[in-house]
Structure formats: C-alpha cells, structure tokens
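Got a structure for you, questions after.
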C-alpha cells in the first residue's frame, strides 16, 4: 500500500482524497492544509492522520499530492523531493519560469516519479484521439485545432492572482497541444482582446485569445480561448492528418434530445465546469500516477512538461507584446 | 446509518455493495450468499459480517438487498417482510404471476418500503425524458417507442431458466413503458420470431419480438427487442406528444469521432452491456431506495410495478399464442 | 424523345412538368386538366399543347403521367393502356381493392412500363438503406422500423375523401416496408386512436396508428404514424440485421447548429412537407420511369406494388376491426 | 427579361447557363468561349447565339457573366463596364492587387451592379450563420473559426497558375471572414507548411496554412486550410459571441447512418467537391445577382469585396515572409 500525504484540502484536494480512497494500491495516510479545519474535515472523513505542517505530512508518506495554492508548489516539490517521496503536483509548478528552473535544479538528483496535474491528457476522449494518431490511423499528423472556452468569467480576485490568461488557462491547451503533436512547437504566435470585460485591460490581461504554433517539421496548431461561453464549458480537440481526422468532442450528462415547434434536436448542456467535465480525467490521472509509483515508472505528465508549457505561455506573452512569431529558443528562464 | 444486509454476492450484488459503501446514510452490515466463498470475499473487502443463512443476515439489518437467483426472490421478500425490514429486490419478483400474487398477499400487512430493481427508471436520460413529458414539454403524450436490443445471445443455460424473452428481457421495457406512459396499458399485442438462433424454438422461446400496447385513453406504445445487435447494446426511448418529441439515446464511453477515406463521423461503440450502460442507473436506483428508507417513503418502482410488468409479459405470451390483441383484464394470477 | 402527356396540372403535376423539362430524353408534348385554366398555365409555361380531354392528350403521347384526383386513376390507367402508352400514375391506383383488381384485369394484355408514384422508394437515403441491406452490409435483415409523421392534420375535406389513414398515409409506409423487407408481409396487426382530433371518429378515421407485420420467414416490421408532429415532417427508416443496422434519417435545409444559454446543438427544422422532403425522390422517380420507357424495362414500383400495398391497408382495417393478426391471404379484392 | 451574355463555357460557365435557363427573369442570349466548340455546345443546348468575340457577346446583352480564366477577368470587367452592362465575375478579379486597383479606376464611373463570384456567401448554412449573428442571436460576435480543406491536391499545372494558396484558396475564406465579421480585419498573421507535397516549395507555395486576424474592435478570426483532406471537402464556419455560438457544418448527400460490429454511426461522405457542396450557393448567388440587376441594387459581393480579400491575401503573404502581425494598411496596390 502506497501511503499518501495530501497537501491542500480544497476542492481538488478532496477529489484526490476520494480517488485514493477507492484505489486498491494506496491509502490516505495523512492530510495537511494551512486552514486546520479543512484538514480536520478530510482527516475525519477518511480516518487518517492530520499533520501540523506540510513537512510533517511529507515525512509520513510514500507519495505526496500537492494541491495547495500555486505559490507553494515549487517549495513543496523541493521539500518532497528532498524527503525522497514520489510527487504529484497540481499545475502550474509556478508562474515564474525562473522559479521553475530553480526548482528543477534543486531537485536535480531526485529519481522518483513526479507528475504534474495536466488532467486533460487523461480524459478518455482526448486520449483516444492521441492514441488514434499515434497508432497511425490518421496518417501523418498535420494540423491540431484546440477549442477551449470557460463557461463564465472567473472572479476578479482569481484573475488578479492567475498570472494572465496564457499561464492560467491556455497553459492547459499548450500542454494538450504538445501531447497531441508529439513534437515540440518551436514558433508561437498569439494575439487577443478584452471582448468580455474591457476592464481586464487594467490587469494587463485578456479574455479572448488565439494562438498559432508551428513545430520543427512544420506541423501547425491553433488554440482559441474564451473566458465566457454562455452555452457551457467548450472543450474540443481536432487532429487532422494525411489519412483522416479525429475530433474529441464535448460531453453531456445524458443523451436526451428534444424536438419542439421551434427547435430540433436540442441536446443537454455540456458538462460544466472542469470538475464535472474532467472528473474521469482527474481520477484516471491520479490512478496513473499511483501505477507509476508502484512500478517506479516515469509519469505521462512530467516536471519537464510543466516547464515546457510555461515556456510556451511566456512565448505567447512575448508574441503578444511584439506582434511576431516567437521562437521558443528565445524564451529563457 | 441504515444497516444493510446483502443477499447474493454475484455481479449485481457486488455493484450494490460498492454503492452502499459510498452512501453516507448506509453501511453494509452483513452479507450472505449460498456460495460461502462469494460472501466471504465481499465480507472481507468491506469489513462486514458474513451470515450463515439469509434469515441470519436479514435479522441483523434495517434493510435487505435481494440479489440472489430469481427463484429465491419471493421467499426472501416474504422473510424480510416478516422481519419488518425495508426491501430492495432485483427483478423479477418471480416468473409465475400466481407466485407473485401469493407473495403480495403474504406480505399484505407490510408497510415498509419495498423496491423492485427496475434500474432503467433511474437512468438519467430515460428519466429526463419522462420528466420532460410530465412537465408538459411535449404536450399530451401520444406515442412511445422503445428499442431494446442486447449485444449478443445469452448462453443456452441462461435462456433455459429465463422464463422466455417477454418475462426476461421485455419485462424491463414493459416497466419502462408504464413509467413513460403514466397510464396503464390495457391491450397488448405481441409477435416474434427466432431469426438469430432457430434452435430457440426448442425452448419455445423467441429472439426477435415486436409488441404494441394501447392504454385506456388511446396512447400507443411500441417495443422492439432483439437478443443480438452486433453494434452493441441498443437502448433508446422515444416519447411523442402533441407539442413535441424527446428521445433518450445511447451512451458512449467518450465523444471521439473518426473521419477517414471510407467513413465519416464514426463514433465510439455504445456502452456494452447493461452493467456499463446502466451503471449510473444502478447506483441512482439504490440511492433512491436508501432515501425512501430514511424518509419512509414509497419507492419509485414498487412491488405492484413488478407484478404489473409480469402481467404484461403474460399478456404478451397469450397474444403470441392466440394472434390477437389481449386485454390485460384477461390476465389473472 | 419521349413525348409526355401530363394529366392533372396541380401541385404534383407541375413538379412532374418541371422534371420532364429538365430531362434530356423526354419532352412535355401535351397537358390536360379538368380545370382548363390550370392546363393552360402549364401549357403556356412549357410551350406545349393543351388537350380538351384526357383521351386527346393520351393520343398525342408516348407516355402518360397521371396526376389527377384519385377516383380517376384507374380509368386513366385503362385508357392509357388501351392506347398502348407507357404509364406513370400517382398513388393510389384506387381506394377500392376490387376496382384495382378490375383495372389489373382490364389492362391484362398491356406490356408497356407502368409505374406507381411511390416516391419514397427513390429517396436517396431510403434507397441507400435498402441498397445497403441488399448488398449484405447488415447481414440477414431481421427488423424494420418505419416512423412516418405528418407535420399537421390535413383539412376535413381532404380527410373525408382520403379513404382513411391506412389507405391514405400508411400506404406509403406499407410500400416502403415491402421495398425494404424484400419479402411479402403475410400477417398484419394494426391499432390506433384519435388523439389529435377526437372528432375524426365521426369519419371512422384515426390520427395515430401503430402497425406490426411479419413475413413468411419471420422478419418483423413496425410502422408508426401520426397526423401531426409539431416539430415537422418526420420520416425515418431503420433496418436491423444480423450484421448491423442502418438508419435513414430526416433531412434539413442546411447544417446550422445553434448553441445558447438554454439550448445546445439546436438544428434546423426538418424539411416540411413531402414536396420539400421528397423533392429529389419525385425527380428521381420520374427520371427512373423515363429510363424504363427508353429501355422498355419494368419500373421499380409496379402496378402490383400498388395493389399489394392497398391489400396491406385493407388488412390493417380488418385487423383494427377484429383486434387480431390478419393473414394477407384473407384479403380478397 | 434580362439578356445574359455568358463568357466562358467551362464547368462553372455551364452551371451558370443552367441557372439562367431556370430563372424566370433572365434568358441566355449569347455565349462566348475562346474554344469555339465549347461555346457551340452550350449555344446549341440552350438555343442561343454564339459570339465570335467577347466584345460581340457583351454588345448583345444586358448583363455579362464572366467565367473565363483569371487573367482575362479584369479586361472583361472593363469592357463590360464600358458597354454599360451589369457584371457578374468569377473570383478573383486578378491575382495582382495593382491590376485590380487599375481596374477599379478604369470602371470608376460605372454605376451598374457588379458582383464577384464569392459563392460561399450564398450557401444556405453559412448565410444562416451570418443572419443569426446579425440578428443578435449570439450577442456580440467575438470569434470566428473557419475550417476549409480541399479533398485532394490540385494538379501541378493548376497550382503553378494559382497565385499561391492565399490568393487561390484562402481568398474564399478571407471573403467569408469579412462577411461574417461584419467589420474589416486590420491585422493578419499567417504561417504554413508543405506537409502534403514537399515539392510545392519549388513553387514557393504551401499546402497547409493557418491564419489569425484581428479587427479594429478586437474581434478574432482563425482560418485553417489544407489542400488534401482524405475524408472529403471540409467546409465549416463557427461564430462565437457573448450570447452563444452557431456552427455551419458539412453537408452530405443524404442522412444514412450505418452501425456495424466495428463502427457506430457512420455517416455519408461530405459532398465533394465545391461544385456539389456549393451547388445551391452557385445558384442562389447568381439568382441574387439577377435580382440586383432587375432592381438596380448593389450586390452582396462587390468589386470592393474582391479587392479587399485580395489585400488580405497579400497581407498573409507578407506576414509569412516576415513572421509578424501585418497591418492591412501596409498593403498598397
């Protein structure tokens, strides 16, 4: 049994706790949260220890799940690595590429599994799309189109601390793009607008963006994002190749269709929001991590993946600022 | 906490055990299975008692889940009722309408909740269809069309003991029809053939059937069944009314679509078989039962529902034998 | 060039005129309509002769298109056959099976092509479904399900003269069923109600019906009809066999889908009504007839097809009256 | 009756001839083609005059349809304008922006209707998408995504004379983008690759491109093109706004879906190629032009539209060369 320390007992933390509880190979050994009551609640529910500090929790476990706030991620990764524990950390590692690079160097000797929480890689539909491409079903992959729109604008407080749309929202799509392309994007173009809330300009942020990337071999990738799609959480991935196309589409709670005098074939709304839409992905991602710990394998979404997606977000910021195709080699920590 | 006794630790029994384990209001107190090892396994997994007999298990619980073989259902319902325990029993109550009637009389004074495992009523799509109709969204309901096809012929042994297609397979659709129509069918026509396996005629059974029913007010309902749909488990319900139509369609594991040189828009196969397709329905049905126990309410699928569906199956058998529209009043236990 | 006489210059007649005008192998030579002005209008538009009587028109042509009112069909078929002209006649041949039988005998020696206007056989989707079945793509055909619903109740005058729903509306589906089954239905069950307009009972007619048929080899077929589907003209055919299923679905003017705060994936309404939905089928059916005339081949929808569909409608009436499965051999002209 | 002169009797020319033949308000008066036999054939078929020169044809008509090869368009527009005839000219006006500007000046005083053959504006689905946006159904338009992929690489000869992918293929999408955005794009980014046929690099051409554009108010638009989609001609337009989304999807010959042991919901291939897919659009576009001639109104796709789309193509070429967001004001004839 893999003993798990859960750091952070918010919404995502609780999801992870439930997944661990169902996993045959792992048990929730200890939880920690800066807000003691939150940790107490989870501890009571699962009958596990509650630690007074992250370090204390880490010490009692084989593997650490880091689900605390972003600014603590890198420190906790370093602490866990120093203690020699397997690490699962929610994205992003940090909003600063130099902090991420420093973290990478700090954990240089660490040989255990470390997985970053890019859950979309584990979504059954998205993964089936990529598996199809890898299996050659669509021939040589040529173009990737990712549509990713949130159902509604996040709170001002959230947005202020978010690091901007490219690091907060598009970063998921950058990771998904890399996952699908199976090749590094080397050039990045990005533009955007504040069409939903013009006052976002005060935060130097955008709510509507479009990105185009190109890999060394010439593969093309487009990403579009919106912070507010009134029809729901819109998550689509299209892979186009020399022998065909696959599209991973949106999911609904069930397959009811309605037909009336004024509307034909009305489907259910899309699963909304990421907790619902990617529920399976959260579970499958953590289960995959537990397997990697058991078998001492490299996870599917590594520290390097976290760093590279952040570099793409930085490239997008630079492209936006300078209105040009930015080469990823220009981006240094 | 509602203490649960689980009778029968086969596939369905295990699903119920897992649902109880997740339920905040209930706990698995004791399990029983005629095959001791099966009970032991479930008992160990959930850390609960293992009873030497059904009666012993019933005695230790507040509510009894009957998931044993069909011929034991009525006896166990009677035993549970005598002991004053809430009852959840898998369908059918019995293959003999007179045995069911006798059971009804035997438990006459029983006032606790008793639910029959007609899981399809709890399928989110099917239920949304019915809710839509009840809410008047399609006006006056006029026609119901139920398509229900198994992915492959069951084993000869299963079929021999099944009671025939109307009592074994169509009975689910009879219950669903009643659930959707919100009115009793009073006339039943049925016909069928052995198109998949002609040797089924030896068992006096059919593998392909079509039914038409009519209610007192003239509502019409069609059911078609096949024992073997190679493309998967096909479960559709269509409600047609004066203001529109709703269709509850098939479900897939995810929404990948494939486009190649020879095929456009190829979807994933349908969830296959009932364990997968109705996984949510099994869970929601049992959760609904637990709520009824807590609140001492009448469940959504009652003993009477079980008896009436069986009567419709008998009417179908009579219609088949005599080639005519059979009035449900002709069917007596 | 095949010289065409068009008898009847109403809506359907005009459609046929336009199809002939586009056909490279035929020309509209002469038109006739009991309402002179109607014939004059078409004659002027296409620059062709206007006959003073049907006989006069027939005499001037190689092939006769009969698009007059139903009670005149049999007489005009006989007149055309006597004159040795190829015949295309709108359905039905007559509402009386004995009149149809008499007509058959009257034209006994006629060897030219005679086609009945069962246009649905020529609908590209329906025909592709049948071609797929004939090609063995779905293995042995086992079940056929036909959904056929008009968008709104016809006028009282129309209904009074219609011969009742089975002869007027279901007859199209009886023909389609025979076309799909590739085998004669031998048993017919029918029931129905007046759910849309209860006063239809005064006409001894129904507005909502369900039919089940069975062929000699045991193939099953269900038809459901409604006189009023508020969401539009609903025309679906499903063929189910040992190796798969094909569904010929509804058609829309274009493929726009709408997504808003309260509705997802809203499609265009279905093409409405038969003139729009079966526009291609009308054209393809007539073009097929012209080919048969050119090549002196037997058309796809023969006089015999017209007679057999009417016999099925009679069987449905008898089944309705007696509440039983009626053998087609009981139906005599 | 509007007398039409058709210049160019190739594939598109013949389509226009057929449309004119069906139009109640116009007649094909005269045809011309540099290949005399081609003109003779059309002339014979429609019983109209065959001119020995374009000028001779123009002189006999009220309106001129220019469907000759691209290099002749501007000259024929000028000749028609000089003769005071209404003009319908296939796209593009010319491959050179300066030639287009010169043409504009040459016809400066011309006041008659002049329409450029951007047929996609008249596609029922695409137009319904735009009408929906104009009617405010999706609120403020924020993003446009256009997917436009040919089914197979054109011949080398065609590509050599094409002017490159942006002027030959993307130009349709530039026009469609302008039509949908209802606002001028002011910034253009483009990139691309030769993923289908690397030897296209010899022609300084691309086969796979992605474009992003931005309007003054910040609306965003993405276009992706491929010269070879093996699954067929892929033509989709997505409009996303503050109140919803509309998608104009691909069209199929009919709505058959196939379900087998290895594939679920297989649809018909998409209509292939533009002649089939945009058949209605060609007809509706020309009919719209005829209406404009009758009513002396400005057409929906003007000379200015032709010029502006070409300017966007030039901007794409410049963006590709310099790897930057190009302002449309940088593009001068």
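Letters A, B, C and D mark the chains as written, and numbering starts fresh at 1 in each.
Keep in mind that, in the parts below, a residue touches a chain if its C-beta (ideal position, glycine included) is under 8 Å from a C-beta of that chain, and two chains touch if they have at least 3 such contacts.
Just so you know, these numbers come straight off a predicted model, no measurement behind them.
Could you let me know which interface, A-D or A-B, is made of more C-beta pairs in contact?
Looking at contacts between chains, A-D has the larger number.
So, comparing C-alpha centroids, which chain is the farthest one from chain B?
So the chain farthest away from chain B turns out to be D.
Could you put a whole-Å number on the gap between the CA centroids of chain A and chain D?
Centre-to-centre distance between chain A and chain D: 41 Å.
So what's the Cα centroid distance for chain A and chain C, whole Å?
The computed centroid separation for chain A versus chain C comes out at 58 Å.
Listing for chain B: what residues touch at least two other chains?
Expected reply: 230-231, 243-245, 259-261, 268.
Under the touch definition given earlier, write down the residues of chain C that touch chain A in their complex.
Per the touch definition, chain C meets chain A at residues 230-232, 252, 259-261, 263-270.
Quick one: which bits of chain B touch chain C in the complex? Just the residue numbers, please.
139-140, 142-143, 145, 147, 149, 187, 189, 191-196, 208-210, 212, 214, 218-222, 224, 226, 228-231, 234, 240, 242-245, 323-325
With touch defined as at the start, can you tell me which chain C residues reach chain D in the complex?
For chain C paired with chain D, touching residues are 123-125, 128-129, 132, 137-138, 243-251, 253-261, 268.
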